[in-house]
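Some notes on the structure that comes next.
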Amino acid sequence: MSLGLAGASTASANGLDPNRLFPADPASRTLAAQIYAGIKDLPIVSPHGHTDPRWFAENEAFPDLAQLFIVPDHYVFRMLFSQGIDLADLGVPRTDGVLSETDSRKIWRLFAENFHLFRATPSRMWLEHSFQQVFGWTKRISAETADEAYDHIADCLTRPEFRPRALFERFNIEVIATTESPLDDLNWHRQIRESGWSGRVITAYRPDAVVDPEFEGFAANVETLGALTGEAATTWQGYLKAHRARRAYFKSFGATSSDHGHATARTENLSQAQAEDLFQKALAGACTGEEADAFRGHMLTEMARMSLEDGLVLQIHPGSFRNHSGGVMQRFGRDKGFDIPTQTDYVRALKPLLDAVGLEKDLSIILFTLDETAYARELAPLAGVYPTLKLGPAWWFHDSPEGMRRFREMTTETAGFYNTVGFNDDTRAFCSIPARHDVARRVDCAYLASLVTSGRLDEDEAFEVAHDLTYRLAKQAYRL
Amino acid sequence: MSLGLAGASTASANGLDPNRLFPADPASRTLAAQIYAGIKDLPIVSPHGHTDPRWFAENEAFPDLAQLFIVPDHYVFRMLFSQGIDLADLGVPRTDGVLSETDSRKIWRLFAENFHLFRATPSRMWLEHSFQQVFGWTKRISAETADEAYDHIADCLTRPEFRPRALFERFNIEVIATTESPLDDLNWHRQIRESGWSGRVITAYRPDAVVDPEFEGFAANVETLGALTGEAATTWQGYLKAHRARRAYFKSFGATSSDHGHATARTENLSQAQAEDLFQKALAGACTGEEADAFRGHMLTEMARMSLEDGLVLQIHPGSFRNHSGGVMQRFGRDKGFDIPTQTDYVRALKPLLDAVGLEKDLSIILFTLDETAYARELAPLAGVYPTLKLGPAWWFHDSPEGMRRFREMTTETAGFYNTVGFNDDTRAFCSIPARHDVARRVDCAYLASLVTSGRLDEDEAFEVAHDLTYRLAKQAYRL
Amino acid sequence: MSLGLAGASTASANGLDPNRLFPADPASRTLAAQIYAGIKDLPIVSPHGHTDPRWFAENEAFPDLAQLFIVPDHYVFRMLFSQGIDLADLGVPRTDGVLSETDSRKIWRLFAENFHLFRATPSRMWLEHSFQQVFGWTKRISAETADEAYDHIADCLTRPEFRPRALFERFNIEVIATTESPLDDLNWHRQIRESGWSGRVITAYRPDAVVDPEFEGFAANVETLGALTGEAATTWQGYLKAHRARRAYFKSFGATSSDHGHATARTENLSQAQAEDLFQKALAGACTGEEADAFRGHMLTEMARMSLEDGLVLQIHPGSFRNHSGGVMQRFGRDKGFDIPTQTDYVRALKPLLDAVGLEKDLSIILFTLDETAYARELAPLAGVYPTLKLGPAWWFHDSPEGMRRFREMTTETAGFYNTVGFNDDTRAFCSIPARHDVARRVDCAYLASLVTSGRLDEDEAFEVAHDLTYRLAKQAYRL
């Protein structure tokens, strides 16, 4: 049932104005609300994300507020850290043996005392929406309300209707994709399937560990890939066969896409001899930085060729400078909020791939960016002409009301709506999924209403496009 | 007469709201409409474009809807192609001998069935404006209305009031510039002049074929240039003389500007010996890529020096990666929607030219960009201080409501209005010219109204600036 | 007293709408005005600027309108120059011995005749606000009113209440920072202190002349630094000691910050041996461009280390291509409006500095940019995680209503409000200081009101944040 979501449009609370994110002028606002009313209860299609399939396999209760909303969420702890709060005090585990805080109530209080730091951020919207819509907590978070909120939600978490599968159903999720390495055995996915539960949780193929020569343990990973598939994966042909086999295995657990998060959008279309040569160097740990980069770029083209065979949609997520702080990497490890966007070129970078397969109508490549300057200059012009290319939604730091607005304003005029793919929540914060989709739906409805008010779209079209952006395009683009 | 245009402000139809593109809040909207009312009927000044002078020379009927609106318009066919529709099925001629569709009604139907792809694009606004204001067709284009629309407009096209010269007059065009190569004999222009028709159609000097060492047939083109001018064009001095002669010839057919569409904004100010050396290498086909680029850059400075002598306005249109898809280039040739914008530096690139001639008050250089990031960062600061520099309007992919709004918001505060040059339609789609100018006028009026409403401009000034942006600045900047 | 400022909200005149810069829709506008009413009379905190301490030391009358508003203000004369008006005719002194105009009334008339060039620029807002609020002149500037305005303001300038200290007090300035070279003796600051006047005028440490090997007279400057401090400044250790001593001297005159305006954001963390080697090369005038750049980059890290000791806040102002026109540099010298922004990378450039000191909670580094593309892509993500980093306000060409709006829209969602530092006026135009702060306050109130109207911030929070942005954050970030 979708009442949890639907409630947002009638009930008001701290930060949850029923007309939030709609245009300010009354005519556009009224129209936006009407368009939104028509799509707010549509099922959630979540084709790209990072929820843990174990949740749905085991269906155990989530532990507590801190473990649910703070410790695992780099959006949250990075903001607190930026204001001088220790990651260890927020419970973020250290990799050097020093102990971090484990008292969840203490962690929660520290967060609650500093809740003002999140003013006007999407984290604030997601958190308040989750607290209210998922747990029925409607007061503002603060030092004063911290304990009451903690207890309220702790109580919820003990109840069956707050277990993962119950929430999945309450959130009205039609399908959700997780993301796994080719080296993952997908046993949680197997367990979900074998449980007989009707929730549709699928995997996606994320091969960084076995296509990036600079990934920790690359050579060993390739050996494991060989062992998993029975292919001679340390030969070039065996390696490609192993990918094909593993992709087929992932498809058997519902995968409809692969995902590639390189530092740049570089692609290459090397000869097989050149590729083989780089592959052997990579296994030997002898690649220069440039050679590693070329190999990664070539593997995108190989993956695209495999997609032509097996139909997996290819997602390219470039442009993040990973683990920017040496000190944090050393003490806390990867993925601690220190991935910083960089300038990203697409026009020259994608040409080898596009010259190889860019006109293939059966291939679908979805491009994302952390560099908004590419929207109007490069991405919309590319997606607005190449039949293989579609634009992924505003992503990561840009997955926010202003970011989503800029995405539409800078891509629609050149690429239209139909070269975009609906919304991705791209999150591991399960309880925020309805909130994130709700923000996207509201921003799109606001944009559509403004188009109508300014005479750029007819009203009947706005209703149809809203449905497309919310539901149809995601299913179509991801072949769900 | 301008009634065709004027009608837009009183009649409503699909996509043609009389208040379209005006601000949403009632006060700004009313003011925008008032400002617009004062300038909407001003004559069209079109100082940069790609209409075919043959139309006005021969004044024959335009063939049909597909040949008028689809086959020649890369904005239109690129969007359809991006969704998997073959260019050949849209009638785009192949260069490899394979036949493309020639049944115009069939092409039109294919377009009409897919008209929804253009939602919220400027193409949609231009097309609907043309259908309604030029041809009196007011229903929405769709599979259902395709044949009726086709017949309606086919009927129009047989009538004398839809011939090129009649439309030129109906569109209230005061002057229009076409664009020709120095190798063009300008015979269509001669024929227009000799016909005694009063329409002012002028040419512009676009010397890519004879200044770009990488242009197909560069050496032969230079020889032809010599033959046309009687100069020894394969010597450096003769080559420069030939340019001077050809510019004078273009001036005799009304040219007031030259136009330069290099891949970057690079300029050079080489010694004459260095330039001569590169020129001889270029003729011998022996330039490296770097040398060809340097030669193009130097020729901009030579062209600027000639402008100081003959008064032609110099237009620089950089930043397009031409013919991006190898496959499409091979099968369909140049200019098939695969020109993609790239990052463009102006600050370092223009310094050699500006150090040579940038302070000359009699020289006028108009800068365009496909990289909007340069507006506030580079172009407005440069145009806001160098007396030679002016900013061309939002261009190509940015010639759209959002693109024009961003242009004003990102350039006005630093460069003001008076370092801009009014609107260019830059189009070969003749029937869309009133639509394009109307969009620009509306967006400017909306912007001006918002400035007044927010206390940044007095009301009387807004009316004056609207007139300047619509009419006076284009005439002044292009010396028309 | 702040009545001068407060008047703006009740009196209307040319360009001074009491609701200027507020949102257009009535609900947001009313709320913006309410929020503004709560902060408009707060004292001005001006932690970064270029006013002349001599004004406050000597407290003599300002000379005349031209010397006050035109001759020293590159915002003003660059716009006039861009339209073909000679800098010499505007009284800008030449460095080549040729005389410039000295008749201030004549200069003023030339400006007044061309006042329309400033339409919709921030200069226009600042000038009109100053004329009205400081001098009580409310007519629009034009050829017709030029003489009357000149006489009116000339009369004001003779009166004691228009002397620098009286204006300082009328402007309700709580503290203002000037900017001086380490080679400055700070005698004006000494004179202010010894005068017993209560106005708080502090200095800031701007060491370009002694940290940039390419600065005119670098080696001689370092010798002077040694002489001033009694340190052997031509040895590496002595040079560092001399900096420490000079910073302490600046602190004794109130300095709480240093300021660094390199061409790029490059930092280095060299070994002491490498740094010493570069330093000796620099003294010998033997640095390559690359080495000079590396030395500047390393000195930022050294300055950061000193900040850890002495608590000065480190400001980084990169990205300006200085003195772009060779011809203007030759005839008029530096700082004549020809500093042009360039693309600026922060992610790679700052890594050496950040790896060295980026996690130090006692260090405060404020980043500025002339490249707005870095706001959402690089600066907000960096400031939103590194505890040392804060974002300076929209700067220079972007210190304008649209620029400030873009700053908030592109940084808040990732960095929040509390990683920003309030407003800097960064000006030498003393009379424009209330105007500039007023623009910033209004734009921030408009932004906050829009957040409330769109359900992204609660109303009580908006009032609190407005106070923070106007007053508290500047004091806290600059340790004032």
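We just call them A, B and C in the order they show up, numbering each chain from 1.
One rule holds in what follows: a residue touches a chain if its C-beta (ideal position, glycine included) is under 8 Å from a C-beta of that chain, and two chains touch if they have at least 3 such contacts.
Here the structure is a predicted model, which is why all the values come from computation and not from measurement.
Interface note: chain A and chain C, two copies of one sequence, contact each other through mostly non-matching residue numbers (shared numbers fall below half of all numbers used).
When the CA atoms of chain B are superposed on chain C, the rotation angle comes to 120 degrees, reported as a multiple of 5. Distance between chain A and chain C, defined via averaged C-alpha coordinates, is recorded as 40 Å. Among the residues of chain B, those in touch with two or more other chains are 24-25, 373. The part of chain C that touches chain A in the complex is made up of residues 23-25, 27-28, 345, 347-348, 351, 354-355, 358-359, 361, 373, 376-378, 380-387, 389, 409-410, 412-419, 450-451, 453-458, 461, 465.
Those residues of chain A that touch chain C in the shared complex are 14-17, 19-22, 24-26, 78-79, 81-84, 116-122, 124-125, 140, 321, 324-328, 337-338, 340-343, 370-373, 397-398, 400-403.
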